[in-house]
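Several structures are given next for inspection.
Same chain, two partners: chain A is paired with chain B first, then with chain C.
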Partner chain A sequence: MQEAELRTLVEEMVHKMLTSNEHHEIQIEKSVKSTTNSKTQNTVIEDGCIPDISKVDIRKQFLVENAKDKETYLEMKSKTPARLGIGKAGARYKTETMLRVRADHAAAQDSVFSDVSEEFIEKNGFVKVQTLCNSKDEYITRPDKGRRFPGNQLEIIRKTIPEHSKVAIVVGDGLSSAAIEANAAEMIPSMKQTLQAHQITVGPVLFVKYCRVGAMDAIGEVTDTDVICLLVGERPGLVTAESMSAYIAYKPKHGLPEAKRTVISNIHKGGTPPVEAGAHAAELILTMLEKKASGIDLK
Partner chain B sequence: MAETLLSVGIDIGTSTTQLVFSKLYIENVAAGYSVPKMAITNKEIIYKSDIHFTPLKSATEIDADAVLKIIQAEYAKAGISIKDTDTGAVIITGETARKENAKAVLEAMSAFSGDFVVATAGADLESIISGKGAGADLFSKERHTICANFDIGGGTTNIAVFNRGKTQDTACFDIGGRLIRFDTQRKITYISPKIKQIIQSEHFGLSEGNLFDIKEAEKIMDIMVDVLCQSVGIGSSPYFQLLMTHKGITADQKIEYISFSGGVAEGIYKNVENPYAFGDIGLLLGKKIKESALCREFKLAKSRETIRATVVGAGSHTTEISGSTIYYTPSLLPLKSLPVLKIQDETHIREEFCEKIKWFEPGQTIAISLKGKNSPSFSDLSKTAEDISNAVQSYNGPIIAVFEEDMGKAMGYALQQKLPNRKIISIDNIRLQEGDYIDIGNPTQTGNILPVIVKTLLFQ
Partner chain C sequence: MILKTVLFGHTYQFKDLKDVLAKANEEKSGDILAGIAAETAEERVAAKIVLSQIRLEDLRNNPVVPYELDEVTRIIQDDLNEPIYNAIKTWTVSELREWILDENTTEADIKKISRGLTSEMVAAVAKLMSNMDLIYAASKIRITAHCNTTIGKRGTLSARLQPNHPTDDPDGIMASVLEGLSYGSGDALIGLNPVDDSTQSVTRILKRFDEIKNRLQIPTQICVLAHVTTQMDAIKKGAPTDLIFQSIAGSEKGNTAFGFNAQTIEEARQLALTHGTAEGPNVMYFETGQGSELSSEAHNGADQVTMEARCYGFAKHFSPFLVNTVVGFIGPEYLYDGRQVSRAGLEDHFMGKLTGVSMGCDACYTNHMKADQNSIEDLAVLLTAAGCNYFMGIPHGDDVMLNYQTTGYHETAALREIYGLKAIQPFHEWLLKHEFVDQQGRLTCKAGDASALL
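Right, the complex of A and B next:
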């Protein structure tokens, strides 16, 4: 092809594109105007609200269109919290699934970075102490500080838990404040009820802010309690941000090997219900008192 | 790691008496560091008895002594002593269950066979047990389908429909292989009353004392097959109501597969050389069924057991286990045949309990059954405990509370606190219906769980 010929061809094409674009732009402008006009004219204020997507039970949610055997799929889904049967929009998640993943992720992050409310601590009559950490950031970056207390806090601990007590219950925020607020108030009375049935009374409950599991060793060190049960928020995930663990140890002291702690994990409404976990933990405590051991020594 | 329970199953049927021993393996299936969750993880049949003809004294009476001798001999042959058995069931099935002395025989066998071997009977239970023994429940679960099992024995046909592993419906018909019997000369020795009725109204040439005429017998077997077809929605027969024992299959089930068990199934799954070998119409009926619409309209599933389905079901599939966090007073155990008082409206426990307790004989120990709440709060728990303790003020027996939801242990302590002087059992993970009976066995070795047998009915 001749160069000149090519040039005119290109010029023609560019011209065409430009004019059609202009045309387009005008049209867009028009339609924008018309929609904004109609909107301002017909604004309706509704009382309804958007449903809370995080309230949907995803084990029962089924978003696949035209499924061959929905019932069987739902039956399999009931056995796992994984996000199965969510359908797709083109190659992507559907909007609802996408929003739900983000919402669950946000809930997980929030539960790490928020504090257990003062109101909750007060309502349940917990005695509050704080580890060497002064902020969430320090708590996250310095695990060692989350296991120790300053002198004045140790003083409060000594006053709260009488020396040589049989059993002490301690609550720590750990990595999920939401877990504590959801479960601790249900589990503790059930534990106390079971211990009471075996003539063991438990004193006031300590609440530890910026708490690592090892904080129970520091408490054991200054109080010489026989068995300490620490309820602590677990690292949250996308399944639940409300899972709590109970770490229970016989005569915990600094340097206690991890193997000597007994742990009951997965305490939340979709796992072990907190009231059942309470009765179970209390019976474990009784066994520890009897056998004078915990963790792998119990087996 | 696994704990085992030794379970015995004894089936005293219309035509045969059998026994099996099986081992049930119980393991903790929870992830590490969680509250234990025990489950039956495996069932292994360790001994199958010979198949004996059920000894009868007359057409209406079971020969209890002879049955006992058979059972004793089989225990000895298996090398198992009575005290070794942890659980199990004796079941009287088919027409035999309607014999005059069935209940007495059943109780005698139960007492003989071990501390916690329970006596059961009833067409619905029989259907479920034989269907499970045949493996139809597992088949429907694994294939995600609906499978109906026909257990065709000597006197009755028990049908159980399983939908994805769950029992959906049961039915029973007076159709079986020994409803017409003949001797080695093919002279008819017995025809059951209902079959006689049909023969009379249809003027078929079959009667006791005369020679067995296969042409005439085929006509009566065609009627039996028609009734079985109608039971699953194919065609209709004027004798459907007559041959129905107490109920048919109710809803539209969309059954995909069918399987067969019981003695007659041998004639369905296998090619039989001499169909007259047992002196009855069993194998002939099997052949008829194989050629019928039943085997054309549905896909045929192979059953795991045929003639032994009921006894295997009784030995391996009757025992459930409670939840793993429970509360019990050991001295109360074992408990046998407790009738169930089911609370339907859990907001008015006291009212409902006081009304329903009148249904039972005074002094009868009952099991109170509640659904409970998924992850109850401590105040929910205390409230329900309060309601139950108020309800049982006028009831003097031990308190046996059975929940579906996981709350048994905490509830046990809550009840004990409110009723310090009462003996209490509080278990969970067990679903009961109004009219059920429940047996609760001794705790397993580690003491965490209790074996439980739920029975639908016991000689109404």
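Right, the complex of A and C next:
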């Protein structure tokens, strides 16, 4: 390249840079001004409401930019509840999906670390007792204590469930109080109704605070009930925090092998609906009374 | 062997070596549940002081589960290299710690000494290390293993693609596989935790994995993490698998609770070598996790860190391709919160490497634990600094089958970028070919589009 040519080229470039800089400065000035202005202006609190992100159907959500084949992708995605097709921001998540995971986790945590409300217990006429645990913290770290009761609570249990009853229904908070509040009140009447059709009446329902599954063995031990059905909150996942299980056992006592319990899990509106689960549980109870067995012994 | 010390004027007398080992642990809810933890912060330090002066021979002569009663103890003791052990048996735990950390001690030196260590020694030295000690020491050691590709080389960070599905729907599983691959996940393994442990279902999924591996020519490994006996049955009936998986414990009783013994694992390994689809020689995959022995009452009164170290001693006998601690899955009864999970993850990774196995980590938590996504992201960052071989890769970290949260596809990608690491070389080249990553291994704008692989 000739020197003259080079000079012209450099000059042109410098000129371009300068003008574009000028342009930039003007822009910056403008935006500084507008920011300063907006600070002095009143912030308008609008009347709107940000929509509930938990209502977004993540199975249909698609955030991949420039996907090669969006239609087939959505079809693939419809085969799994996994959080697919979420795109990315660099090697990190998009804000929307990140917030949704945090929200779902928050719901799960709150259902573990909150208590079933007193109103709920009263409204349903449950008789409340408490295991050896004195706090949620002790409950999650000491499974042994969540299976046993102090003497004064055993007294209440004895007074509530008449000795040698045929069937007793017990509700325990377990790892999700949200699951109990969402399902127990619907499931119990459906269970009682089926049992009543077979001339079996069920007495008052016990509510056990800080309850592990083994608490039903302690109750069986002092009441000598034929069949106990324990409704208990499951450890929540991110898909739902409202899943409840029913553990049913024939003459449960301390040391009952886990295999001798019959379990109906996944009771929630997206799984087995509580009314349906109630009828199913009642039928299982009737079979257990007839065969004098539960769990693997039923097979 | 001295089991007594005075600290701040108080005398601390420990019952036996097992008592010292338990009380020298950092606080863990599982040791408290077992009733063996230090009762005060000062007692914990007193136990560490006593442990620091214990000689390695005392640790060898006092395994936490007796030799006569336990095949895990027998395997660990019988596999020891006697001349190496004899050369170091009079070292104290404190001396071993400082030797590992010493700037003149090389990776090769550590790997040699490793052959003279029992799991109790490995656990003991971990108990005298701070979190950064654990990272510093572990970062000196790289353990590689070869199945179809070689995992663990310096400059790499790998991921197991975990495409779990609540009903094992093969199409749903494949959707997660394709998307994971497009994020660069799956160089360690494409491995499913099945809901259905039947031979038929396991075979069906393995065939799908094998088909996609061959059709897309993916340089990786495949496995379905059913019970070891189910996988063996599947292989005998012609199912294609590269690796055989099993969860293991640090005592024979714990393994019995999992439904196998050492002989089962050796048979499985021979079967994989003779009838599996992998190049080998490393064809086994094990998972561990502090607290599993206590949960099956198979801990024999020992603490969860020592029992965990024994898992690695057992694993090493079978030359595994992958071993990972599923730290945080077991629940708050054993690891209370994010802090305890982090500590356990760093301990396990260090102990696994010092033992000589290819270590990864399922950095995870359940929803009844005081931890969140931040806790495990922190742990993954720390473990990458420590030179961890691999993490799990799950869509957005949310496992829709096991109902817990772990690291997502995005996490390994981000960690590779932060630390300047790549996937295993042939897999990196495969990613390059599909333009999911650039030469440096960073995700491109095409990453995360599963439909690009259709």
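By definition in this document, the second predicted complex is superposed on the first by the 238 of 299 C-alpha atoms of A that agree within 3 Å, B and C clash if a C-alpha of one lies under 4 Å from a C-alpha of the other, contacts with A are read in each partner's own complex, and residues count from 1 in each chain.
We take it that a contact is a pair of C-beta atoms (placed from the backbone, for glycine too) under 8 Å apart; a residue touches a chain by one contact, two chains touch by 3 or more.
The structure displayed is predicted, hence computed values, not measured ones.
Colleague: Thinking of the overlay built on chain A, is A:Glu186 touched by chain B (first), by chain C (second), by both, or by neither?
Modeller: First partner only.
Colleague: In the overlay, answer first, second, both or neither for which of chain B and chain C A:Val275 touches.
Modeller: first
Colleague: In the overlay, answer first, second, both or neither for which of chain B and chain C A:Val101 touches.
Modeller: The second partner, chain C, only.
Colleague: Going by the contact rule set out at the top, does A:Gly237 touch chain B (first), chain C (second), both, or neither?
Modeller: A:Gly237 sits against chain C, while chain B stays out of touch.
Colleague: Going by the contact rule set out at the top, does A:Ile264 touch chain B (first), chain C (second), both, or neither?
Modeller: first
Colleague: More residues of chain A are touched by which partner: chain B or chain C?
Modeller: The larger set of chain A residues in touch belongs to C.
Colleague: Touching A:Gly87, do we find chain B (first), chain C (second), both, or neither?
Modeller: second
Colleague: Report for A:Ala197: first if it touches chain B alone, second if chain C alone, otherwise both or neither.
Modeller: first
Colleague: I'd like to know which partner A:Val64 touches here: chain B for first, chain C for second, both or neither.
Modeller: The second partner, chain C, only.
Colleague: Show which residues of chain A both chain B and chain C reach, each in its own complex.
Modeller: Overlap of chain B and chain C footprints on chain A: residues 69, 72.
Colleague: Residue numbers of chain A touching chain C in their complex, please.
Modeller: The touching residues are 64-70, 72-73, 76-77, 79-88, 90-93, 97, 101-102, 104-105, 108-109, 112, 140-144, 175, 235-239, 241.
Colleague: Please name which positions on chain B make contact with chain A in the complex.
Modeller: Residues in contact with chain A: 31, 33-35, 144, 164, 325, 327, 374-378, 381, 405-410, 412-414, 416-417.
Colleague: Taking the touch rule as given, give the residues of chain A at its contact with chain B in the complex, in rising order.
Modeller: 69, 71-72, 75, 185-186, 189-190, 193-194, 196-197, 245, 263-266, 268-280, 283
Colleague: What does chain C use to touch chain A in their complex?
Modeller: It is residues 29, 32-33, 163-166, 169, 171-176, 178-179, 183, 331-333, 336, 366-368, 372-373, 394-398, 400, 403-405, 408, 410, 413-414, 416-417, 442-443, 445, 447-452, 454 of chain C that touch chain A.
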